[in-house]
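Quick one: the structure is below, and I'll ask about it shortly.
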(Lines give C-alpha, C1' and ligand atoms only; values in the text may rest on other atoms or scores of the structure.)
Protein backbone atom coordinates (compact mmCIF):
# COMPACT_ATOMS: atom_id res chain seq x y z
CA UNK A 1 0.00 0.00 0.00
CA UNK A 2 1.29 3.45 -0.87
CA UNK A 3 -1.03 5.44 1.34
CA UNK A 4 0.55 8.84 0.94
CA UNK A 5 0.64 8.88 -2.84
CA UNK A 6 -2.66 10.80 -3.25
CA UNK A 7 -1.31 13.47 -0.90
CA UNK A 8 2.01 13.55 -2.72
CA UNK A 9 0.32 13.99 -6.10
CA UNK A 10 -1.87 16.77 -4.72
CA UNK A 11 1.10 18.39 -2.95
CA UNK A 12 3.00 18.53 -6.21
CA UNK A 13 -0.03 20.12 -7.86
CA UNK A 14 -0.25 23.08 -5.48
CA UNK A 15 0.18 26.28 -7.46
CA UNK A 16 -0.69 24.51 -10.69
CA UNK A 17 -3.81 24.27 -12.83
CA UNK A 18 -6.11 21.33 -12.02
CA UNK A 19 -9.38 19.96 -13.34
CA UNK A 20 -11.88 18.77 -10.73
CA UNK A 21 -14.94 16.62 -11.40
CA UNK A 22 -17.66 16.82 -8.76
CA UNK A 23 -20.62 14.58 -7.97
CA UNK A 24 -23.61 15.63 -10.03
CA UNK A 25 -21.43 16.38 -13.04
CA UNK A 26 -20.04 19.82 -12.17
CA UNK A 27 -16.54 20.47 -13.56
CA UNK A 28 -14.19 23.06 -12.01
CA UNK A 29 -10.89 24.29 -13.42
CA UNK A 30 -8.37 26.51 -11.62
CA UNK A 31 -5.14 26.79 -9.63
CA UNK A 32 -4.91 24.43 -6.62
CA UNK A 33 -4.05 26.61 -3.64
CA UNK A 34 -4.46 24.03 -0.88
CA UNK A 35 -6.20 20.90 0.31
CA UNK A 36 -6.66 18.87 3.47
CA UNK A 37 -7.11 15.19 4.32
CA UNK A 38 -10.88 15.36 3.54
CA UNK A 39 -9.97 16.64 0.03
CA UNK A 40 -11.47 20.01 0.90
CA UNK A 41 -9.88 22.18 -1.77
CA UNK A 42 -9.04 25.83 -2.24
CA UNK A 43 -8.98 26.75 -5.92
CA UNK A 44 -7.82 30.12 -7.23
CA UNK A 45 -8.91 31.70 -10.54
CA UNK A 46 -11.55 28.99 -10.73
CA UNK A 47 -14.15 28.59 -13.39
CA UNK A 48 -17.09 26.25 -13.61
CA UNK A 49 -17.43 24.51 -16.95
CA UNK A 50 -21.03 23.96 -18.08
CA UNK A 51 -21.12 22.42 -21.56
CA UNK A 52 -19.54 25.03 -23.85
CA UNK A 53 -19.75 27.84 -21.28
CA UNK A 54 -17.45 28.76 -18.42
CA UNK A 55 -18.52 30.78 -15.35
CA UNK A 56 -15.70 32.59 -13.59
CA UNK A 57 -15.90 31.95 -9.83
CA UNK A 58 -12.61 33.40 -8.51
CA UNK A 59 -11.18 31.76 -5.40
CA UNK A 60 -13.43 29.02 -4.05
CA UNK A 61 -13.52 26.48 -1.25
CA UNK A 62 -14.80 23.07 -2.41
CA UNK A 63 -16.12 20.68 0.25
CA UNK A 64 -14.21 17.44 -0.18
CA UNK A 65 -17.13 15.03 -0.10
CA UNK A 66 -18.28 16.38 -3.48
CA UNK A 67 -15.03 15.50 -5.24
CA UNK A 68 -15.01 12.57 -7.67
CA UNK A 69 -11.58 13.08 -9.14
CA UNK A 70 -8.80 15.64 -9.43
CA UNK A 71 -6.69 15.81 -12.54
CA UNK A 72 -3.37 17.59 -12.01
CA UNK A 73 -1.60 19.14 -14.97
CA UNK A 74 0.72 16.98 -17.05
CA UNK A 75 4.14 16.95 -15.31
CA UNK B 1 -0.37 19.60 2.44
CA UNK B 2 -1.74 22.97 3.48
CA UNK B 3 -4.54 21.74 5.68
CA UNK B 4 -5.59 25.03 7.18
CA UNK B 5 -5.98 26.93 3.94
CA UNK B 6 -9.74 26.33 3.58
CA UNK B 7 -10.21 27.70 7.09
CA UNK B 8 -7.95 30.66 6.37
CA UNK B 9 -9.87 31.54 3.19
CA UNK B 10 -13.18 31.27 5.04
CA UNK B 11 -11.81 33.26 8.00
CA UNK B 12 -10.83 36.09 5.67
CA UNK B 13 -14.31 36.02 4.17
CA UNK B 14 -16.15 36.59 7.47
CA UNK B 15 -18.11 39.82 7.22
CA UNK B 16 -17.96 39.73 3.43
CA UNK B 17 -20.39 38.70 0.70
CA UNK B 18 -20.11 35.07 -0.40
CA UNK B 19 -21.83 32.85 -2.95
CA UNK B 20 -22.66 29.31 -1.80
CA UNK B 21 -23.62 26.41 -4.06
CA UNK B 22 -25.51 23.61 -2.34
CA UNK B 23 -26.20 20.02 -3.35
CA UNK B 24 -29.35 19.83 -5.43
CA UNK B 25 -28.53 23.08 -7.19
CA UNK B 26 -29.64 25.67 -4.60
CA UNK B 27 -27.57 28.89 -4.66
CA UNK B 28 -27.33 31.21 -1.64
CA UNK B 29 -25.78 34.67 -1.53
CA UNK B 30 -25.14 36.73 1.59
CA UNK B 31 -22.68 37.93 4.24
CA UNK B 32 -20.66 35.15 5.91
CA UNK B 33 -21.10 35.60 9.64
CA UNK B 34 -19.44 32.43 10.85
CA UNK B 35 -18.59 28.81 10.13
CA UNK B 36 -17.27 25.73 11.89
CA UNK B 37 -15.13 22.74 10.94
CA UNK B 38 -18.14 20.91 9.40
CA UNK B 39 -18.68 23.95 7.13
CA UNK B 40 -21.90 24.73 8.96
CA UNK B 41 -22.41 28.36 7.95
CA UNK B 42 -24.20 31.39 9.31
CA UNK B 43 -25.15 33.78 6.51
CA UNK B 44 -26.62 37.24 7.10
CA UNK B 45 -28.81 39.13 4.62
CA UNK B 46 -29.05 35.92 2.66
CA UNK B 47 -31.03 35.37 -0.47
CA UNK B 48 -31.75 32.20 -2.37
CA UNK B 49 -31.25 32.51 -6.12
CA UNK B 50 -33.71 30.51 -8.21
CA UNK B 51 -33.17 31.16 -11.91
CA UNK B 52 -33.93 34.87 -12.41
CA UNK B 53 -35.63 35.26 -9.01
CA UNK B 54 -34.18 35.85 -5.57
CA UNK B 55 -35.96 35.01 -2.30
CA UNK B 56 -34.82 37.01 0.69
CA UNK B 57 -34.16 34.68 3.64
CA UNK B 58 -32.47 36.96 6.21
CA UNK B 59 -30.01 35.33 8.57
CA UNK B 60 -29.76 31.57 8.02
CA UNK B 61 -27.88 28.58 9.34
CA UNK B 62 -26.76 26.21 6.56
CA UNK B 63 -25.89 22.62 7.53
CA UNK B 64 -22.40 21.97 6.24
CA UNK B 65 -23.01 18.64 4.56
CA UNK B 66 -25.13 20.40 1.91
CA UNK B 67 -22.31 22.67 0.80
CA UNK B 68 -20.66 22.03 -2.57
CA UNK B 69 -18.56 25.18 -2.77
CA UNK B 70 -18.17 28.60 -1.25
CA UNK B 71 -17.02 31.50 -3.36
CA UNK B 72 -15.63 34.38 -1.32
CA UNK B 73 -15.63 37.86 -2.80
CA UNK B 74 -12.71 38.94 -4.96
CA UNK B 75 -9.98 40.20 -2.59
CA UNK C 1 -13.11 30.47 12.82
CA UNK C 2 -16.22 31.26 14.82
CA UNK C 3 -17.30 27.73 15.53
CA UNK C 4 -20.06 28.46 17.99
CA UNK C 5 -21.93 30.98 15.90
CA UNK C 6 -24.42 28.49 14.40
CA UNK C 7 -25.28 27.36 17.92
CA UNK C 8 -25.58 30.96 19.12
CA UNK C 9 -27.95 31.85 16.26
CA UNK C 10 -30.05 28.76 16.94
CA UNK C 11 -29.99 29.43 20.70
CA UNK C 12 -31.34 32.91 20.14
CA UNK C 13 -34.09 31.45 17.96
CA UNK C 14 -35.48 29.09 20.61
CA UNK C 15 -39.09 30.03 21.30
CA UNK C 16 -39.33 31.88 18.01
CA UNK C 17 -40.78 31.07 14.60
CA UNK C 18 -38.33 29.51 12.14
CA UNK C 19 -38.46 28.28 8.55
CA UNK C 20 -36.65 25.00 7.83
CA UNK C 21 -35.74 23.68 4.40
CA UNK C 22 -35.14 19.94 4.23
CA UNK C 23 -33.43 17.75 1.65
CA UNK C 24 -35.90 16.68 -1.01
CA UNK C 25 -37.59 20.09 -0.94
CA UNK C 26 -39.83 19.79 2.15
CA UNK C 27 -40.38 23.10 3.97
CA UNK C 28 -41.37 23.25 7.65
CA UNK C 29 -42.46 26.31 9.61
CA UNK C 30 -42.98 26.48 13.36
CA UNK C 31 -41.62 27.47 16.78
CA UNK C 32 -38.09 26.18 17.53
CA UNK C 33 -38.30 24.38 20.87
CA UNK C 34 -34.84 22.83 20.97
CA UNK C 35 -31.95 21.45 18.99
CA UNK C 36 -28.75 19.49 19.50
CA UNK C 37 -25.30 19.38 17.90
CA UNK C 38 -26.55 17.13 15.05
CA UNK C 39 -29.20 19.81 14.27
CA UNK C 40 -31.91 17.42 15.41
CA UNK C 41 -34.76 19.88 15.97
CA UNK C 42 -37.93 20.02 18.03
CA UNK C 43 -40.50 22.26 16.37
CA UNK C 44 -43.80 23.25 18.02
CA UNK C 45 -46.96 24.28 16.14
CA UNK C 46 -45.26 23.05 12.99
CA UNK C 47 -46.73 23.01 9.54
CA UNK C 48 -45.41 21.50 6.37
CA UNK C 49 -45.65 23.81 3.36
CA UNK C 50 -46.43 22.05 0.07
CA UNK C 51 -46.84 24.59 -2.72
CA UNK C 52 -49.88 26.69 -1.76
CA UNK C 53 -51.05 24.25 0.94
CA UNK C 54 -49.97 23.85 4.55
CA UNK C 55 -50.39 20.65 6.59
CA UNK C 56 -50.52 21.16 10.34
CA UNK C 57 -48.18 18.68 12.07
CA UNK C 58 -48.12 19.90 15.69
CA UNK C 59 -44.93 19.26 17.65
CA UNK C 60 -42.36 17.33 15.61
CA UNK C 61 -38.86 15.98 15.96
CA UNK C 62 -36.79 16.53 12.79
CA UNK C 63 -33.70 14.34 12.30
CA UNK C 64 -30.79 16.70 11.73
CA UNK C 65 -29.27 15.04 8.70
CA UNK C 66 -32.29 16.12 6.65
CA UNK C 67 -31.79 19.82 7.35
CA UNK C 68 -30.49 22.05 4.54
CA UNK C 69 -30.98 25.40 6.22
CA UNK C 70 -32.76 27.06 9.11
CA UNK C 71 -34.01 30.58 8.79
CA UNK C 72 -34.62 32.25 12.15
CA UNK C 73 -37.06 35.14 12.35
CA UNK C 74 -35.81 38.65 11.64
CA UNK C 75 -34.31 39.99 14.90
CA UNK D 1 -28.67 24.61 23.45
CA UNK D 2 -31.28 22.21 24.74
CA UNK D 3 -29.69 19.01 23.55
CA UNK D 4 -31.94 16.56 25.32
CA UNK D 5 -35.23 17.99 24.11
CA UNK D 6 -35.62 15.61 21.14
CA UNK D 7 -35.13 12.69 23.51
CA UNK D 8 -37.57 14.15 26.02
CA UNK D 9 -40.25 14.64 23.36
CA UNK D 10 -39.74 11.08 22.10
CA UNK D 11 -39.69 9.73 25.68
CA UNK D 12 -43.04 11.35 26.37
CA UNK D 13 -44.40 9.80 23.17
CA UNK D 14 -43.62 6.21 24.13
CA UNK D 15 -46.86 4.24 24.26
CA UNK D 16 -48.62 6.83 22.15
CA UNK D 17 -49.56 7.07 18.49
CA UNK D 18 -46.99 8.78 16.26
CA UNK D 19 -46.70 9.66 12.58
CA UNK D 20 -43.30 9.07 10.97
CA UNK D 21 -42.14 10.46 7.65
CA UNK D 22 -39.28 8.58 6.03
CA UNK D 23 -36.85 9.49 3.25
CA UNK D 24 -38.33 8.59 -0.11
CA UNK D 25 -41.80 9.65 1.01
CA UNK D 26 -42.93 6.61 3.02
CA UNK D 27 -45.30 7.46 5.90
CA UNK D 28 -45.72 5.17 8.93
CA UNK D 29 -48.30 5.47 11.69
CA UNK D 30 -48.36 3.45 14.90
CA UNK D 31 -47.61 3.26 18.63
CA UNK D 32 -44.04 4.25 19.57
CA UNK D 33 -42.63 1.39 21.65
CA UNK D 34 -39.03 2.50 21.91
CA UNK D 35 -36.17 4.37 20.29
CA UNK D 36 -32.43 4.86 20.66
CA UNK D 37 -29.95 7.68 20.06
CA UNK D 38 -29.76 6.87 16.32
CA UNK D 39 -33.57 7.29 16.14
CA UNK D 40 -33.94 3.60 15.44
CA UNK D 41 -37.61 3.12 16.30
CA UNK D 42 -39.84 0.26 17.39
CA UNK D 43 -43.43 0.89 16.30
CA UNK D 44 -46.35 -1.31 17.37
CA UNK D 45 -49.61 -1.70 15.41
CA UNK D 46 -47.91 0.10 12.56
CA UNK D 47 -49.37 0.81 9.19
CA UNK D 48 -47.76 2.21 6.08
CA UNK D 49 -49.79 4.94 4.40
CA UNK D 50 -49.60 4.94 0.59
CA UNK D 51 -51.87 7.62 -0.85
CA UNK D 52 -55.42 6.60 0.16
CA UNK D 53 -54.40 3.06 1.19
CA UNK D 54 -52.92 1.74 4.41
CA UNK D 55 -50.92 -1.50 4.72
CA UNK D 56 -50.93 -3.07 8.16
CA UNK D 57 -47.35 -4.00 9.17
CA UNK D 58 -47.70 -4.95 12.85
CA UNK D 59 -44.65 -4.33 15.05
CA UNK D 60 -41.71 -2.99 13.07
CA UNK D 61 -38.16 -1.83 13.61
CA UNK D 62 -37.32 1.30 11.60
CA UNK D 63 -33.64 2.06 10.98
CA UNK D 64 -33.04 5.59 12.20
CA UNK D 65 -31.17 6.96 9.22
CA UNK D 66 -34.37 6.76 7.18
CA UNK D 67 -36.31 9.05 9.50
CA UNK D 68 -37.11 12.59 8.33
CA UNK D 69 -39.47 13.58 11.12
CA UNK D 70 -41.55 12.14 13.92
CA UNK D 71 -44.83 13.73 14.86
CA UNK D 72 -45.98 12.79 18.35
CA UNK D 73 -49.67 13.01 19.20
CA UNK D 74 -51.06 16.32 20.42
CA UNK D 75 -50.42 16.50 24.19
CA UNK E 1 -35.22 6.22 26.25
CA UNK E 2 -35.47 2.50 25.74
CA UNK E 3 -32.33 2.02 23.73
CA UNK E 4 -32.25 -1.76 23.66
CA UNK E 5 -35.79 -2.29 22.45
CA UNK E 6 -34.89 -2.59 18.74
CA UNK E 7 -32.34 -5.26 19.65
CA UNK E 8 -34.86 -7.04 21.88
CA UNK E 9 -37.49 -7.09 19.14
CA UNK E 10 -34.95 -8.41 16.62
CA UNK E 11 -33.62 -10.95 19.15
CA UNK E 12 -37.12 -12.32 19.64
CA UNK E 13 -37.50 -12.58 15.87
CA UNK E 14 -34.47 -14.82 15.33
CA UNK E 15 -35.61 -18.10 13.81
CA UNK E 16 -38.88 -16.54 12.68
CA UNK E 17 -40.16 -15.20 9.36
CA UNK E 18 -39.58 -11.47 8.80
CA UNK E 19 -40.34 -8.95 6.05
CA UNK E 20 -37.59 -6.47 5.23
CA UNK E 21 -38.00 -3.29 3.22
CA UNK E 22 -34.80 -1.92 1.69
CA UNK E 23 -33.90 1.48 0.26
CA UNK E 24 -34.80 1.62 -3.41
CA UNK E 25 -37.97 -0.37 -2.82
CA UNK E 26 -36.62 -3.94 -2.67
CA UNK E 27 -38.63 -6.26 -0.36
CA UNK E 28 -37.11 -9.40 1.17
CA UNK E 29 -38.94 -12.14 3.06
CA UNK E 30 -37.32 -15.00 4.98
CA UNK E 31 -36.19 -16.45 8.31
CA UNK E 32 -34.05 -14.10 10.42
CA UNK E 33 -30.90 -16.03 11.32
CA UNK E 34 -28.88 -13.26 12.90
CA UNK E 35 -28.12 -9.56 12.99
CA UNK E 36 -25.58 -7.14 14.44
CA UNK E 37 -25.61 -3.58 15.73
CA UNK E 38 -25.37 -2.14 12.18
CA UNK E 39 -28.52 -4.13 11.29
CA UNK E 40 -26.50 -6.33 8.99
CA UNK E 41 -28.85 -9.29 8.64
CA UNK E 42 -28.55 -12.96 7.79
CA UNK E 43 -31.79 -14.24 6.26
CA UNK E 44 -32.43 -17.92 5.53
CA UNK E 45 -34.86 -19.22 2.88
CA UNK E 46 -35.07 -15.67 1.59
CA UNK E 47 -37.02 -14.49 -1.39
CA UNK E 48 -37.07 -11.12 -3.08
CA UNK E 49 -40.56 -9.84 -3.83
CA UNK E 50 -40.85 -7.89 -7.09
CA UNK E 51 -44.46 -6.91 -7.75
CA UNK E 52 -46.34 -10.20 -8.16
CA UNK E 53 -43.17 -12.28 -8.56
CA UNK E 54 -40.83 -13.76 -5.97
CA UNK E 55 -37.19 -14.73 -6.64
CA UNK E 56 -35.80 -17.37 -4.33
CA UNK E 57 -32.39 -16.26 -3.01
CA UNK E 58 -31.60 -18.84 -0.30
CA UNK E 59 -29.46 -17.65 2.62
CA UNK E 60 -28.35 -14.04 2.18
CA UNK E 61 -26.36 -11.42 4.03
CA UNK E 62 -27.99 -7.97 3.85
CA UNK E 63 -25.78 -4.95 4.52
CA UNK E 64 -27.48 -2.97 7.26
CA UNK E 65 -27.28 0.49 5.72
CA UNK E 66 -29.81 -0.61 3.08
CA UNK E 67 -32.49 -1.49 5.62
CA UNK E 68 -35.52 0.80 5.96
CA UNK E 69 -37.62 -1.37 8.22
CA UNK E 70 -37.93 -4.90 9.53
CA UNK E 71 -41.30 -6.36 10.25
CA UNK E 72 -41.17 -9.35 12.60
CA UNK E 73 -43.98 -11.88 12.52
CA UNK E 74 -47.07 -11.26 14.65
CA UNK E 75 -46.28 -12.56 18.16
CA UNK F 1 -27.94 -10.78 19.20
CA UNK F 2 -25.75 -13.00 17.07
CA UNK F 3 -23.31 -10.38 15.89
CA UNK F 4 -20.82 -12.65 14.19
CA UNK F 5 -23.27 -14.57 12.05
CA UNK F 6 -22.83 -12.40 8.93
CA UNK F 7 -19.08 -12.96 9.17
CA UNK F 8 -19.57 -16.69 9.72
CA UNK F 9 -21.83 -17.01 6.68
CA UNK F 10 -19.34 -15.07 4.55
CA UNK F 11 -16.42 -17.07 5.94
CA UNK F 12 -18.11 -20.30 4.93
CA UNK F 13 -18.65 -18.86 1.45
CA UNK F 14 -14.99 -18.15 0.76
CA UNK F 15 -13.90 -20.16 -2.27
CA UNK F 16 -17.51 -20.63 -3.36
CA UNK F 17 -19.71 -18.96 -5.97
CA UNK F 18 -21.74 -16.00 -4.69
CA UNK F 19 -24.24 -13.56 -6.16
CA UNK F 20 -23.86 -9.91 -5.12
CA UNK F 21 -26.45 -7.20 -5.59
CA UNK F 22 -25.10 -3.66 -5.55
CA UNK F 23 -26.79 -0.29 -5.10
CA UNK F 24 -27.95 1.04 -8.45
CA UNK F 25 -28.99 -2.43 -9.58
CA UNK F 26 -25.64 -3.92 -10.65
CA UNK F 27 -25.40 -7.70 -10.14
CA UNK F 28 -22.06 -9.50 -9.82
CA UNK F 29 -21.46 -13.24 -9.80
CA UNK F 30 -18.17 -14.98 -8.99
CA UNK F 31 -16.01 -16.82 -6.46
CA UNK F 32 -15.68 -15.05 -3.08
CA UNK F 33 -11.95 -14.79 -2.38
CA UNK F 34 -12.06 -12.57 0.69
CA UNK F 35 -13.86 -9.84 2.57
CA UNK F 36 -13.36 -7.50 5.49
CA UNK F 37 -15.54 -5.92 8.15
CA UNK F 38 -16.68 -3.14 5.75
CA UNK F 39 -17.88 -5.87 3.35
CA UNK F 40 -15.17 -4.90 0.89
CA UNK F 41 -15.07 -8.02 -1.28
CA UNK F 42 -12.56 -9.73 -3.53
CA UNK F 43 -14.34 -11.76 -6.21
CA UNK F 44 -12.53 -14.10 -8.59
CA UNK F 45 -13.81 -15.10 -12.05
CA UNK F 46 -16.40 -12.38 -11.67
CA UNK F 47 -18.97 -11.38 -14.21
CA UNK F 48 -21.38 -8.49 -14.24
CA UNK F 49 -24.92 -9.44 -15.19
CA UNK F 50 -26.77 -6.82 -17.24
CA UNK F 51 -30.18 -8.08 -18.27
CA UNK F 52 -29.52 -11.10 -20.51
CA UNK F 53 -25.83 -10.27 -20.98
CA UNK F 54 -22.82 -11.02 -18.82
CA UNK F 55 -19.53 -9.08 -18.92
CA UNK F 56 -16.52 -11.01 -17.72
CA UNK F 57 -14.52 -8.88 -15.25
CA UNK F 58 -11.96 -11.34 -13.84
CA UNK F 59 -10.79 -10.72 -10.28
CA UNK F 60 -12.33 -7.56 -8.80
CA UNK F 61 -12.33 -5.60 -5.59
CA UNK F 62 -15.81 -4.34 -4.65
CA UNK F 63 -16.02 -1.42 -2.21
CA UNK F 64 -18.28 -2.55 0.62
CA UNK F 65 -20.55 0.48 0.82
CA UNK F 66 -22.04 -0.47 -2.56
CA UNK F 67 -23.20 -3.88 -1.39
CA UNK F 68 -26.93 -4.45 -0.85
CA UNK F 69 -26.86 -8.20 -0.33
CA UNK F 70 -24.66 -11.24 -0.81
CA UNK F 71 -26.17 -14.56 -1.64
CA UNK F 72 -23.89 -17.50 -0.88
CA UNK F 73 -24.38 -20.76 -2.72
CA UNK F 74 -26.85 -23.30 -1.35
CA UNK F 75 -25.02 -25.33 1.32
CA UNK G 1 -12.28 -13.47 7.50
CA UNK G 2 -9.43 -12.53 5.19
CA UNK G 3 -9.40 -8.82 5.87
CA UNK G 4 -6.24 -7.94 4.05
CA UNK G 5 -7.09 -9.60 0.77
CA UNK G 6 -8.48 -6.45 -0.89
CA UNK G 7 -5.27 -4.64 -0.01
CA UNK G 8 -3.16 -7.54 -1.26
CA UNK G 9 -5.01 -7.62 -4.59
CA UNK G 10 -4.63 -3.86 -4.97
CA UNK G 11 -0.97 -4.02 -3.92
CA UNK G 12 -0.25 -6.57 -6.62
CA UNK G 13 -1.98 -4.31 -9.14
CA UNK G 14 0.25 -1.28 -8.51
CA UNK G 15 2.02 -0.41 -11.74
CA UNK G 16 -0.50 -2.35 -13.77
CA UNK G 17 -3.53 -1.39 -15.86
CA UNK G 18 -6.83 -1.40 -13.99
CA UNK G 19 -10.46 -0.69 -14.82
CA UNK G 20 -12.43 1.32 -12.24
CA UNK G 21 -16.20 1.65 -12.11
CA UNK G 22 -17.48 4.69 -10.21
CA UNK G 23 -20.88 5.54 -8.77
CA UNK G 24 -22.99 7.28 -11.38
CA UNK G 25 -21.64 5.04 -14.12
CA UNK G 26 -18.28 6.66 -14.88
CA UNK G 27 -15.58 4.19 -16.01
CA UNK G 28 -11.86 4.95 -15.68
CA UNK G 29 -8.98 2.97 -17.14
CA UNK G 30 -5.29 3.51 -16.38
CA UNK G 31 -2.18 2.44 -14.45
CA UNK G 32 -2.71 2.10 -10.67
CA UNK G 33 0.00 4.19 -9.04
CA UNK G 34 -1.18 4.02 -5.44
CA UNK G 35 -4.12 3.71 -3.07
CA UNK G 36 -4.93 4.07 0.60
CA UNK G 37 -7.32 2.43 3.06
CA UNK G 38 -10.25 4.64 1.90
CA UNK G 39 -9.62 3.37 -1.67
CA UNK G 40 -8.48 6.83 -2.71
CA UNK G 41 -6.61 6.00 -5.90
CA UNK G 42 -3.87 7.54 -7.98
CA UNK G 43 -4.19 6.50 -11.62
CA UNK G 44 -1.55 7.30 -14.27
CA UNK G 45 -2.25 7.58 -18.00
CA UNK G 46 -5.92 7.52 -17.15
CA UNK G 47 -8.79 7.80 -19.55
CA UNK G 48 -12.49 8.15 -18.91
CA UNK G 49 -14.64 5.85 -21.02
CA UNK G 50 -17.96 7.35 -22.12
CA UNK G 51 -19.82 4.96 -24.40
CA UNK G 52 -17.61 4.57 -27.48
CA UNK G 53 -15.41 7.58 -26.63
CA UNK G 54 -12.43 7.90 -24.34
CA UNK G 55 -11.22 11.17 -22.78
CA UNK G 56 -7.57 11.23 -21.83
CA UNK G 57 -7.17 12.58 -18.26
CA UNK G 58 -3.49 11.91 -17.47
CA UNK G 59 -2.64 11.30 -13.82
CA UNK G 60 -5.68 11.62 -11.56
CA UNK G 61 -6.60 11.28 -7.92
CA UNK G 62 -9.94 9.48 -7.42
CA UNK G 63 -11.73 9.99 -4.09
CA UNK G 64 -12.39 6.53 -2.69
CA UNK G 65 -16.02 6.95 -1.77
CA UNK G 66 -16.90 7.09 -5.48
CA UNK G 67 -15.43 3.67 -6.23
CA UNK G 68 -17.81 0.78 -6.92
CA UNK G 69 -15.26 -1.76 -8.07
CA UNK G 70 -11.70 -2.09 -9.26
CA UNK G 71 -10.79 -4.69 -11.81
CA UNK G 72 -7.06 -5.51 -11.85
CA UNK G 73 -5.52 -6.94 -14.98
CA UNK G 74 -5.62 -10.68 -15.52
CA UNK G 75 -2.66 -12.21 -13.62
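A few notes on this one:
Labels for the chains are A, B, C, D, E, F and G, by order of writing; each one numbers its residues from 1.
Here is the rule we go by: a residue touches a chain if its C-beta (ideal position, glycine included) is under 8 Å from a C-beta of that chain, and two chains touch if they have at least 3 such contacts.
Values in this document were obtained by computation on a predicted structure and should not be read as measured data.
Listed by label, the chains touching chain A and chain F alike are G. In this assembly, the C-alpha centroid of chain B lies 33 Å from the C-alpha centroid of chain D. Remark: chain A and chain D have CA centroids separated by 42 Å (rounded to whole angstrom).
Inter-chain spacing, taken between the CA centroids of chain E and chain F, is 19 Å. Chain F has residues 10, 65 in contact with two or more other chains.
The ring of chains, read from chain C with the first step to chain D, runs C, D, E, F, G, A, B.
Chain D makes touch with chain C in their complex at residues 1-6, 9-10, 19, 23, 39, 64-65, 67-75.
By the touch rule above, chain B contacts chain C in their complex via residues 7, 10-11, 14, 22, 24, 26, 28, 33-37, 40-42, 46, 57-63, 65-66.
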